[in-house]
């Protein structure tokens, strides 16, 4: 049942130690900084985090990693010029990494939301990221079997929500939001604006409210 | 390369005998009647047609079937109160039927457009529509292996196109249009209106122009 | 303990009213073609139920009448419908992802037969000359969190449609969680079939009609 | 027949100009991070090229400057960019479906090594202490209709990066169709590697540098 929640602290209060948490965003675009800060404050730890990256600079996901709350990262591109907190943890052997090609990451998240038990893709065939995986010749191409990535919770950022929880996003900040909302058991969304039900054109809704559990407006 | 074409006749002129043709629409909503009529006039035959249904009444796809142009239907729901042309051909053994659960039909079309070589789904497990198919226990459920449905051509109906071929649809007439546009080698779209490039909000484009080859305006 | 909550068997509308009452507030629901469609007539505004139609819409409103009729706005039964505030449209793969991904709380379907273990047969009579048509039935049966069936308990020949093993071709395996019939409401669980309430018959009379061992669950009202 | 079309090796900008000229009008193109990004500077309006960025956009414009900068509008290299008329936004799975479904005409990527059979190595040095990061490289390599590589022909130590077999970890198998380097343009086909043109060296001088048997394709200009 959809809830509108007053503070980011209340919104993330139910996230348990050991959870798998999907966090939207590609770099800083679409990253739900306020929800991540609240998750940090909540003390939840031993998390598996799914995000395209592994944090930038000294904010958001990077801080969650710095503080040792993340046991494992599932991502496509951890190493960046400003990923020093991840780099340090990784080199110290204090964080586990599952490196996934970005398209497989997106498709595996999509599969979880869509009830697909697994799929074959040519991406990664013949590379070290497909080692040990089942392969099969399909449509004339060697393909690799990949499985869905499910999550307990998704933290995402959208532009607007209406009273039914329908969401619209802004430009390339959309990125992983819609597929993560569908893949998690519980989806928490921070938005810039809550509009009355009926104010979003039904043709333009990107994430239908069925995928949304908690909404919090962030100034 | 995107082309704006003056008549539906020219738009379908390149469709060869023996082609696999996806036709948008669910019932009559979103069915591109004018393109189908032009396909009928073109004389193309021995077609495999992918559509949710197998024609209604005495128009559109029903006529294509009546005239014996369709060798095989791939669909989820051929039998309707007004599917008399399909019914007659089927009972006479003059048309082949591949019956696919509607969600598998949609997902198999989506897979073709997305480069997925096959996927597992719980839908149909233990039923006669999964007989002979590979099954596997995944995510705690028995699942059936399904393969993509590719097409040579897609005929779809949209509301508006801009100069880049970006499309928007109208209400439940959207249905199979976006996934068929992506699954076919050549996508032909009939629209009610062509608007200047820049007139569609980039946030609200449903089918990006990359999936569109030919556009024809229908009065 | 008596299971009987009505002195007469329920009519189609009374049964639809009962199903509607049992749907939890805020649920996302898909109503199958035919008898299940009646349920929408009895959903209240306070329940805040969102209806899904598999041809690409959430927030479907009542059947369209007169000038409301729009050929581009139909439901899965191809009947013209209306749009409620807060509706959304999406393409077929996204629509079935909602169903197949387990996001619908309840779907309500008709049936030819339901087995004691929740197998559903509702798409094909198995007659060799029948033209088969499955539509979204298998996706709904497999995908929804709860699958409610609405049917008459007996065929016109007086044979129970709640059976030990389905003789008609299956739609889904072990998917039905509840069966609403004119004579009783059945709950299907891993430990067997229990009877929530009976209409116009006693538990013992019901057991006489049904070739499946039944337990009395007691007359619980609501979910 | 001479393959030499320039008296000097090409600089990065000249090479980018050459790649840009070779892209067919109306193409949909993804330009990788780094040197390939330079190609966008030389695309002409008449070419009507649509740029894709894998973080969810078609119709990407030039890098944003000053007040144009918007944190919600970035490219795959996380650089602020602009939006052209006719652009569209979509989520990550839809964006990668464009790449993986074979809808992009060309992607242009940098490389550590390319093999004689078109294997690409561009994501990992293989150093045991390196933190690996792959991003969308494998999807681009596998999905685009044509994969163009831009790189210097030789490493700083003077070793050819066009090799018989890649020693670095692979990004994709048999995916590269064309290699643009400072010294030559190579075409990779099932029957081997041919040289379209050379810059500042003769075909024979080029063959001395490269441990792969080369054929002269002749100085064809354009595609």
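Note that the chains are named A, B, C and D in the order they appear, and that numbering of residues resets to 1 at the start of each chain.
By our rule, a contact is a pair of C-beta atoms (placed from the backbone, for glycine too) under 8 Å apart; a residue touches a chain by one contact, two chains touch by 3 or more.
This structure is a prediction, so every number in the text was calculated from the model and none was measured.
The chains that touch chain A as well as chain B are C, D. Across A-C and B-C, it is B-C that has more C-beta pairs touching.
Spacing of chain B relative to chain D, judged by their CA centroids, is 35 angstrom. Chain centres here are Cα means. That of chain A falls 30 Å from that of chain D. The multi-chain contact residues of chain C, meaning those touching 2 or more other chains, are 57, 83, 89-90, 93, 96-97, 99-100, 143.
Shared interface positions of chain A, i.e. residues touching 2 or more other chains, are given as 107, 110, 114-116, 121-122, 169-171, 202-203, 206.
By the definition of touch given earlier, these chain pairs are in contact: A-B, A-C, A-D, B-C, B-D. Chain A makes touch with chain C in their complex at residues 1-2, 110, 112-116, 162-164, 166, 182, 197-198, 200, 202-203, 205, 208-211. On the chain C side of its complex with chain A, the touching residues are 25-26, 28, 50, 52, 57-59, 83, 85-90, 93, 96-104, 143.
Put simply, chain B touches chain A in their complex at residues 107, 111, 114-122, 136, 138-139, 141, 143, 147-148, 150, 168-171, 201-204, 206.
Only residues 26-30, 52, 76-80, 83, 86-87, 90-91, 97, 99-107, 109-110, 121-129, 142, 169-179, 206 of chain B touch chain C when the two sit together in their complex. Residues 53-57, 70-75, 78, 83, 89-93, 95-97, 99-100, 119, 124, 129-139, 142-143, 169-173 of chain C are the ones that touch chain B when the two sit in their complex.
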